[in-house]
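We call the chains A, B, C, D, E, F, G and H, going by the order they appear; numbering starts again at 1 in every chain.
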Amino acid sequence: MSADNSNVDNAKVDNAKVAILMGSQSDWPVMKRARDVLAELGVASDARVISAHRKPARLHEFMDEAEAAGIQVFIAGAGLAAHLPGVVASLTIRPVLGVPLEAGPLKGKDALYSIVQMPGGIPVGTLGIGGAGAKNAGLLAAEILALADHGLAQRLKDWRASQAEGLQEIPQD
Amino acid sequence: MSADNSNVDNAKVDNAKVAILMGSQSDWPVMKRARDVLAELGVASDARVISAHRKPARLHEFMDEAEAAGIQVFIAGAGLAAHLPGVVASLTIRPVLGVPLEAGPLKGKDALYSIVQMPGGIPVGTLGIGGAGAKNAGLLAAEILALADHGLAQRLKDWRASQAEGLQEIPQD
Amino acid sequence: MSADNSNVDNAKVDNAKVAILMGSQSDWPVMKRARDVLAELGVASDARVISAHRKPARLHEFMDEAEAAGIQVFIAGAGLAAHLPGVVASLTIRPVLGVPLEAGPLKGKDALYSIVQMPGGIPVGTLGIGGAGAKNAGLLAAEILALADHGLAQRLKDWRASQAEGLQEIPQD
Amino acid sequence: MSADNSNVDNAKVDNAKVAILMGSQSDWPVMKRARDVLAELGVASDARVISAHRKPARLHEFMDEAEAAGIQVFIAGAGLAAHLPGVVASLTIRPVLGVPLEAGPLKGKDALYSIVQMPGGIPVGTLGIGGAGAKNAGLLAAEILALADHGLAQRLKDWRASQAEGLQEIPQD
Amino acid sequence: MSADNSNVDNAKVDNAKVAILMGSQSDWPVMKRARDVLAELGVASDARVISAHRKPARLHEFMDEAEAAGIQVFIAGAGLAAHLPGVVASLTIRPVLGVPLEAGPLKGKDALYSIVQMPGGIPVGTLGIGGAGAKNAGLLAAEILALADHGLAQRLKDWRASQAEGLQEIPQD
Amino acid sequence: MSADNSNVDNAKVDNAKVAILMGSQSDWPVMKRARDVLAELGVASDARVISAHRKPARLHEFMDEAEAAGIQVFIAGAGLAAHLPGVVASLTIRPVLGVPLEAGPLKGKDALYSIVQMPGGIPVGTLGIGGAGAKNAGLLAAEILALADHGLAQRLKDWRASQAEGLQEIPQD
Amino acid sequence: MSADNSNVDNAKVDNAKVAILMGSQSDWPVMKRARDVLAELGVASDARVISAHRKPARLHEFMDEAEAAGIQVFIAGAGLAAHLPGVVASLTIRPVLGVPLEAGPLKGKDALYSIVQMPGGIPVGTLGIGGAGAKNAGLLAAEILALADHGLAQRLKDWRASQAEGLQEIPQD
Amino acid sequence: MSADNSNVDNAKVDNAKVAILMGSQSDWPVMKRARDVLAELGVASDARVISAHRKPARLHEFMDEAEAAGIQVFIAGAGLAAHLPGVVASLTIRPVLGVPLEAGPLKGKDALYSIVQMPGGIPVGTLGIGGAGAKNAGLLAAEILALADHGLAQRLKDWRASQAEGLQEIPQD
C-alpha cells in the first residue's frame, strides 16, 4: 500500500477526502475494497487501523486532526460488537459510513445490528456486510463528495455505465 | 403539513435539497421524523408517496425532475420487501439513504435486509429500523449538505450540543 | 449452453415459453437447474443475465420483447437484497416465480425476505433458497404451462412418478 | 360468504377455478383476502377448511374431486409447522400457492420456512406472511388463469393500473 | 447394514420395535446414529427411506404394516421443510420422534421449525438438529420401550453410567 | 385445581402416571393444557412448581419419590434459558418431554434452543412453544402410556377421530 | 429516588460500591431492578443517565471520578446498538456488567449482540435482556463484592435461600 | 498442560483462584484461551471437564471442594443447550462467568441463549461466543480478583496498555 497509504500529518493527507478506519489489521483485505473503488474514481483516501476501545484518546485526537486535514467523509468497518462506526460518529458532524464485517460465528449479523441500530441523534449510514458493503461505502463516499465536484460526478456516471456494460447477457455453460 | 410539503414543480421545490420518499401514505408518521429534524436544522425537504413497483415510469420521471430541481440527497423509507431505496439508488448517482420500516410480522428485519444488503455497485446508506432511523436519515442528509454549507454545519453542532445538554443525569422515581 | 441459450430475437425465442433471469453470470450454475428440469419436460426456456438495478431501461425493454415473443412465465433468481423478481413482477401481469440465491454471509435469508415479502398488489411466487428452489421454479413453471398443454401435463405426471420410483427404500452402509 | 362459498359438489363448483384451503376456521379472516381479490377480478373460488393431518384421507378425496370439478390452481394457507401447502402439492401436478400465516410466537417465520423450503420435486409457490400474502396468492392465481383468458388478463391490467392511480402523492398531516 | 436392515415383511421385522424413517438416502449417515445406539442397547430397528410427499400412498401402507408388525415407536428424520415426522404422526397414535436434519443454507433451523411447531393435536417429540439429535431419538425410543422392559431399563442405566465414567476429567495439551 | 392436583405423598399420587413440572407458578395457565388433555383421556397427572436452579436438592429428591410412586413420563415446561427439562432428564431414564414457554422478549425461541439442543446422551422430546406444545406434550405422554394400555389406546383413537370431525368445513363470514 | 440517588461528589458516593449507568431516562424503570436488589442486600449504588455517544468527554470524566470515589463494579444498560457497556469497559479495568434492554422492533436482540460480542481484550459480563437481566446484574455485582465482604456473602446466601422458599409448590386454578 | 493443570485436591489447588469448567474434552482448545490470559496475568487456574448432566452428584461435590480450596471465580463453557454455567451458578454465590461455545449447526447462538437468558435470581455473566469470549472470561475473572489485589490490578493495566500499543496503525498490502 506504501505511498498511497499516507498518514494524516504528511503531504498525501492534504489531498485525502475520505478516511477509512478499521479496528484490526485483519479487516484490511475487506476494507481495501473501499479504497480501491475510490482510487478508480480518483479520490484519495487515508486508511487506518484504530480501535474504538483500546485507545479511545488516540481516536479523539485522530478525528480532530483528520477534520483539520480536510477529511470530508469517514468510513469505518468493524466486526462482532462493532462499535467503531458509532463512536466515530459521536466525534464528528461529518458523514460517517459503517461497514459490518463478517467475523466470528454470527457472520456479521452482530456487527450489522451494532452499527445500523444507532439511537436517534448519532447517524451512521450503514452498508452491507463484508466486501460488497466496503465497496459500496467507497461509492457512497464518492457520491457525497461529487455533490461539490462536477468532475467526480461525471466519473461516477461513467463508472456506473461501465458496470452496466460489463454485464454478460448470455450465460455460458 | 400544508405549505412546507411542497411539490417538485412549485416554488418550494427550488429550495428543497432533500427528497423524502415512501411507498405508502401509512409510512408518513414515521418518515415525518426525517422532515421534522431537517426543518429544525433549516433544511427544506420535499416528501412524496411513490411506489417502486406500482408506477415505475412515474418514479423515473420524478427522479429526473428532482435532480433538475436541486435535490441533493434522497431519503427513501419502505417496509417488507423494501425495494424503494435500492430502485431509487439505481436511478441517480446522488446519495441515497434508506430507512427500513417496521411493518408486518417480521417487524422490519425483512426491510432491513432488503435495503442494506444491496449488491456492490449501487450503494444505499441504511439507517436503523423505524422512527430513530428516519430521524437519523434526516440528520445524515444534513451532515452531507453541511459539507458545503458552513451555516448548516454550525447549526448541526449546536443541535448536537443541545441534545447532550438535554440528558437528564438523575433518574426520578 | 450455446444453441439452446437462444436470444429473444432469434428462432429459438419463438418456442421459449419461460424466461430465466438472473442478476449475475455467477448465478448460472444454480439457475441452470430450472432450465435443466424444463428441458427434461420438453419446455424451451430463454436464460438471461440482466440486472434489476444496473440497466433498468434494458430490463423494461426486455420484458416487452419477451411478452411479445411468447414468454408465459418468468423465473428470476437473485441473492442479497434480491430485487430482480419484484421488479420483473412490477413490469408484467404474467406469473413471476422468484428464487432466493445463497450469496454472502446471510446465506440467502436476506434474499428470501427480499423476494417473498412483496407488498400486496405485486405477487412473486417464491421457491426455496438455492438449487432445490431453482429446480422447483422450473417445475412450477411447467405446471402452469401444463394447464393448457395436455402433453406436458402427462410428462409432468410421468416425471413425478419416476421420482417416486427412484427412491431407494433400503439404505446401504 | 353465503352463496359464493359453494361446495365442490354443487353448481358453483363447476365455475370455481381456484380452491382456497386452510387448516382452521380461524385462518379465514386472513385467507378471505385471496377470495376477495379473485372476486374483484371475476374469478370464482371454492374455500375449504381441511387439515393436512387430521383427515388425510378426506384431503386426498377432495383433491381428486376438485381436479375433476375444474379447479386449476390451489391456494393453501397454514401457520406454525405449516404442512398443508406441501401435502396438497404432493397430491397434484396443478400449481399450488402457499400462504404462511402469522400464528404463535414465531409470527409466521416457522410457517414460511415450512412452506418455502420444500425439497426439489414438489414445488409450492410461496407468498408473503399473512394478509398481503393471501391477497398476492389470489392475484398470482389470477395471473396464471389469465394466460388462457384474455378477458381476465385485461381485468388484471385494469386492476393494477387502478392501484397505481390510487396512490396518494402528498402525505397529509 | 445388510442383514439387520430387515424389511417389515421378513423375519427381522418381527423383532423390530422401532422404525427409523428418512426422506432420502443421503440422510442415512446421520440417522444411522439412532440405529447404532439402539443396537448398543439391544433394540432392533427397521430403517427406511420413504418420502412424505413423493409416495404418500406407500407411506400410509407402510404405517399400517409397521404397526401390525409390532413397531412401537417411530423415528423420522428430515431436512428443509421437514414434513415427514408430522405426516407420520398424523397416521398413528404411537409415539413419533422427529429429528431435524442439517440440510441446505438454513442449516436445519427450517427443519426444526417444520417439525417442532406441530399444531395442537398431532404431537411429534423433537430432538436436536443433526447427529446428536438422531442419537438422542434412539435413546428416547429406548426409554419409552424400557417402561415395559426391565432388562432394557437396566441396560439404559448401565449405558448412562458408562457415559459418565467416560468423561475425561483432565484436559491434555 | 384442588383435589386432582395431588402431591406425591398422597393417595392421588399412586394413580398419577405423568408428572407435569414447571419453574414458576406463572407457567401454570399454559402447562395446564397438558393436564387437561390427559384428564380428557383418563390419565391422572401430578403437577408441580419446582425450579431447576433454586432448589436443586429438592428436585433430586422429588425425582426419586416420583419414580417410586409410579410416574412413567415427565413433562417439564420452562421459559428463557430453560434448563428444567434437561436437568430432569439427567436424573431419570424415564421419558422426559419438554415444553418451551413463551416468556420474555425472545418469545420462547431461547427456551426452544435451551430444551431441544440437548447434547447427545440426555434426550428431551421437545414439543412446540407455548400452549399447543403443552397440549401435545400431554398427548405424547398418553401415546407412550398407551403402548401398554389398550383402553387408553382406544381412547386416543377416539379423541383424534373426534378432532377430525370437529373441523368445520365451510368458513362463515 | 431522592436521597439514595446520590451523586458522585456527595456523601452517599463515599458508600456507593456499584455504579448503574444507562443511556436514557426511559431505561430507569428496568435498570432500577439492579438498584433494588442491591438495596435489599445492603449495597449502596449510584445511578446515572449518561450517554456513550452524546457526551463522551463527560463519560470519561465520570469514570475517573467514580473509581476515585470507590466504585468497584459498573453496571451499564442500553438498548438498540448498545455501545455504553463496551465504552465503559474500555475506560476501566474494574468489572463491567452489561444489560441489554428491550427497545425497538428487534426487542433487545440487537442490544444483546452489541454488548455480548465484545472483541477479545475488553470484557463485558452480559446478563439477560430486560428486567431479569437488570436484577441479575445487581446480584452478580453483589457476588463480586461479597468475595471481600463476609457479611454480604451471608446476606446473599440468605437471599437465595429465601427465593427457594418462596416457590409455591402447588399451582392454583 | 501438565503441571499447571492441577486438581483441586493437590498443592496447586491451594493457589488456584479461578476454576475453568467445560462439558467435554473437545471444548478445551477454545477454553484454554481463558487459562492462557490468566497465566499471562499471573493468576493460577484449575481446568476441568465436568458435565452438568452426566454426573450431577460429582458436580455438586466438586463445587464444595472448589470453594473450600479457595476458588473465587468460576468460568464455565458449553455449547448447544448449554446448561453448565447456569447449573454451576445455582450451586454457588461466587461469581460465575459463562462462555457460549460454537458447536453444531446453530453456531453457538443456541448456547448464547441458553447461558445469557438465565431467569432472575441466578446470574451468569456471559461473554461472547467462542475464543474471544473465553479470553474475555479470563480477563473479567482477573478484573474481579484485582479488586482485592493491587499487583494484579497493575498487571491488568499494563496488559491493556500493551494491547493498545500492539495495534498496527498502517495496514500493509
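Rule of thumb we're sticking to: contacts are C-beta pairs under 8 Å (C-beta built on N, C-alpha and C of every residue); 3 or more make two chains touch, one makes a residue touch a chain.
Because the structure is a prediction, the values reported are computed rather than measured.
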Chain labels contacting chain F and also chain G: H
Any chain in contact with chain A as well as chain D: B, C
Size of the rotation, in steps of 5 degrees, that lays the CA trace of chain B over chain C: 180
Listed pair (B-D, E-F or B-C) duplicating the F-G contact set, over half by residue number: B-D
Centroid spacing, where centroids are CA-atom means, of chain B and chain F in whole angstrom: 51
Chain centre separation (chain F, chain H; CA means) in Å: 35
Chain C-chain D separation of Cα centroids, rounded to whole Å: 21
Touching two or more other chains - residue numbers and ranges from chain H: 24, 54, 80-81, 104, 106-107, 109, 116-119, 121-122, 128-129, 132, 160, 163
All pairs of touching chains, each written as two labels joined by a dash: A-B, A-C, A-G, A-H, B-C, B-D, B-G, C-D, C-E, D-E, D-F, E-F, E-H, F-G, F-H, G-H
Touching residues (chain side chain D, partner chain F) in the complex: 1-2, 5, 7, 22, 24-25, 28, 31-32, 47-51, 54-55, 58, 80-81, 104-107
Interfacial residue positions of chain C with respect to chain E in the complex: 102, 107-109, 128-130, 132, 160, 163-164, 167-173
Complex contact set, residues of chain D against chain C: 33, 72, 93-95, 97, 112, 116-129, 131-133, 135-137, 139-140, 143-144, 146-148, 153, 156-157, 160, 163
Interface residues, chain E side, partner chain D - complex: 23-24, 52-54, 56, 60, 79-81, 83, 86-87, 89-91, 104, 106, 109-110, 113-119, 121-122
